[in-house]
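Listed after this line are the structures, all set down as structure tokens.
In the two complexes that follow, chain A is the common piece, with chain B as its partner first and chain C second.
Presenting the complex of A and B:
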């Protein structure tokens, strides 16, 4: 509870400090809209040309795109501390500042940044979701609302975990490793579409190794009443937890790695 | 057991060298940042930690403050092992890095303090009282509403110091706190540190390159070089060994006065002044003055020891640093 209060307090302050440069803020927010609008355009063109992708219809595709966008940009917005300058914190030794305060490292890193510019991207995602739900005639029930929330929350943690890997590499190499971007940004782009449209190796990668399919698409497909891989519907309640579990493992790995932290500078 | 106990502290860094031509892997080199460093510090001590760049000063401070994990040796601060019981430990310490800000850049200083209050869970009344006391002592009143980025370096250092003392730490680490400050700011900062130390018995460990800091503040000095502790004692004892040269500047009423001096005390004319360098060990100062008086009527006379920075430079050279 107290940690949440600290988080909210930090957010208030960070947003106020970003508003010190209002022109820059609004320009960048607008730029985000153009960028994410472009991504959505790609889906619209695809649907326009092919109408369906395997067994997925236009509405389903918008739904999956929206689900990924909302989750990804919520992570970028509220998890900015990790998705944004985490490697930078480690490389420059700024992490020291957090280590000399009596709070958890994760708490403080999350409290260190927020990115409200992503609001436009989240809005695009929500628009796609609403559009998709309408076109696919989704009938909302309480379990489905729960599934939706679970998918987004677990996806949030999965993404945080993946971004943390970059930080871990930074501790060893003191330099950011672009390879990890293939999993984070690459994963986002790939998993805007249902994984069963991909060949087997890619499907395995995004289901088993980096479980975007399990955390977001499995519950998503159950909401659409077209279960992915034809698994029973109840699995959709359990499978998203894989994202949280992976996050937990990666964070333990991070804690273990911290003893090699070298604290650059000064 | 003493408040801070350090025994056989060791820290190694692995440095990857540039890849040699034809080699597939880069060669790794082990650098001993700290070796067999041991010392004890009691409550309320004001201790200076000096040594050339790269001697391991900051590394020691980072280990003592729980940021780095050492590769060997034991460290306890108030009974806690810093890197193992980090959260418990850092609640009781304050750290100021001269070259790294810990406050938030774009918000008024006061807002940063309010957030620190939440981070350290300082009770409301205690916070208000402490903030009032510190803003008075550090003359921060008018700065509290200013964003940090608009402060001058001296103002910022005062603001940082206040931020690191809000939770009343019993131990304060200062890593080059006077770096880049002007004379007035330096003096004010030193006065404040003395006040904090005597008022609350705060133990202060200071790393610096500014010998004046040490002269003004520290009763005890430690010298570190190549990761080893080379000296631990009073500044007086340390400098006594290297303080071997004196300079006398003398000015006579008569234009042509010229004292008779021994060979090992060369004299040089500098305008109307006569500048003589000599070693008090070979030639007692009293005898030197008597000779100078014998040569004519003295209008002005000063005797100076060597610049303290030079002494330290000599010392580093002799210790082969």
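Presenting the complex of A and C:
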């Protein structure tokens, strides 16, 4: 509880400090809107030209796109400490100050930054979700609402875990390792579309190794009444937990790696 | 002239330094390329288009290979303006615009060659339908290369206009982000311009963003026949001249009212 209180307190402080430069904040938020709007326009134009992707129709595609962008940008917004700032903390040696405080390192890293500019990206994602639900005539029930919340929450942890891997490499290498971007940003771009679009190796990568399909797309497809995998219905409630489990493993790895941390600051 | 050449050479050497980062970047770009091609392939299977799929695959690879040409900017200038060391640059017996123009050309050229050449080799050996196809004709290749050179000059002129905004506002992340994103969308990086609705094609191919990579790629794949090349290259040339002229005027006005920060 204490951790959550601390986190919320830091978020409030950080957001207030960012609002000190309203003009710059506004421009950057607008830029984010154009960025995510551009991505969405690409999906709309593709749907306009091709009508469907295998068995997925226009509404389904907007739905998957929206699910991914809401989750991804929630992570970028509230997990900014990991997704953006961590290499900077390592390079400048600021991480040292975290080590002498009586709180967990990862907690403090998460408390160190927030990115409220992403709000427009999240809004675009929500718009896509609503559009997708309407076009695919989704009938909402209580379990489906629960599934949706679960998918987004578990996807959040999965993405946070993937960005933490980048942090772990960064502890060893001091410099940020762009290679992991293939999993994080690449995963986002790839899993805006249902994984059954891809040839087997890529499908396996995003189902087993980096379970975007299990965490977000299986529950998503059940909401659309077009299950991605032919499994019993209850599995959709269990499969998202794989994202949280992966985050747990990566968190243990992170703690292990912190033992080898050598300060780069002076 | 000699001074500009050595500025070019210095910048090129700096760009070659970070080889590790380049390797990571290449692998990332390749991954993105494969994912995009897989999506377009699945879409094509559902509803084939008049344009052969090999053109789309080549389009994606060429865009990924020259990605660095679009998105490379010079952070030095921003720092110099913020710290006030721009004063040193103002003392040089060189045209400030020319100096930075040469630097940005060097950065974009070196960066994209270092990344592009290995990627294109990889894309050429990929199986049929996944990789880069050979150019439509020797003439197409030559015209494509000429278009690429003009595109490089054009994108550098665009970059310098963005920099002009940086000079004005000190914190230009918003403006820069906005212009970069327009570039990503309308240069065909997010979605090949050839897949935009046909009715849009007439307009978007005339925008300056289409001159950077879209024109050379169309000439390479044979989407545009060599007979159309003179018209396309002329549009590129016009945009390059216009943007350069605008940039020079913009910078001159900025220089007249520049304030040196710091102390």
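Definition applied: the second predicted complex is superposed on the first by the 266 of 266 C-alpha atoms of A that agree within 3 Å, B and C clash if a C-alpha of one lies under 4 Å from a C-alpha of the other, contacts with A are read in each partner's own complex, and residues count from 1 in each chain.
To be clear about the criterion, a residue touches a chain if its C-beta (ideal position, glycine included) is under 8 Å from a C-beta of that chain, and two chains touch if they have at least 3 such contacts.
Quantities reported herein were computed from a predicted structural model and do not represent experimental measurements.
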Ask   = Since both structures carry chain A, what do chain B and chain C do when superposed there: clash or fit?
value = fit
Remark   = The chain contacting more residues of chain A, comparing chain B with chain C, is C
Inquiry  = Which partner chains sit in contact with A:93 here, chain B, chain C, both or neither? Use first/second/both/neither.
reply    = first
Key: Touched partner set for A:51, first chain B, second chain C, both or neither   = second
Request  = Could you tell me the angle at the CA centre of chain A between the CA centres of chain B and chain C, given to the nearest 10 degrees?
outcome  = 90
Message = I'd like to know which partner A:193 touches here: chain B for first, chain C for second, both or neither.
response = second
Query = Once both complexes sit on top of each other, what is the least C-alpha distance from chain B to chain C, rounded to whole angstrom?
reply = 12
Key: Overlapping contact positions on chain A, where the chain C interface meets the chain B interface   = none
Remark   = Note: in the complex, chain B contacts chain A through residues 13, 58, 62, 65-69, 83, 86-88, 90-91, 93, 95, 97-100, 102, 104-107, 111, 114-115, 118-121, 147, 175-176
Residues of chain A touching chain B in the complex = 2, 5-6, 9-10, 13-14, 16-18, 20, 93-94, 96-97, 99-104, 108, 258-263, 265-266
Query = What residues of chain C sit close enough to touch chain A in their complex?
reply = 20-21, 24-25, 27-28, 31-32, 34-36, 38-39, 42-47, 49, 171, 173-175, 177-178, 181-182, 184-185, 190-191, 195-197
Inquiry  = Show me the residue ranges of chain A that touch chain C in the complex, using the header's touch definition.
reply    = 21, 24, 26-28, 30-32, 34-35, 38-39, 41-42, 45-46, 48-54, 175, 177-179, 181-182, 185-186, 189-190, 193, 197-199, 202
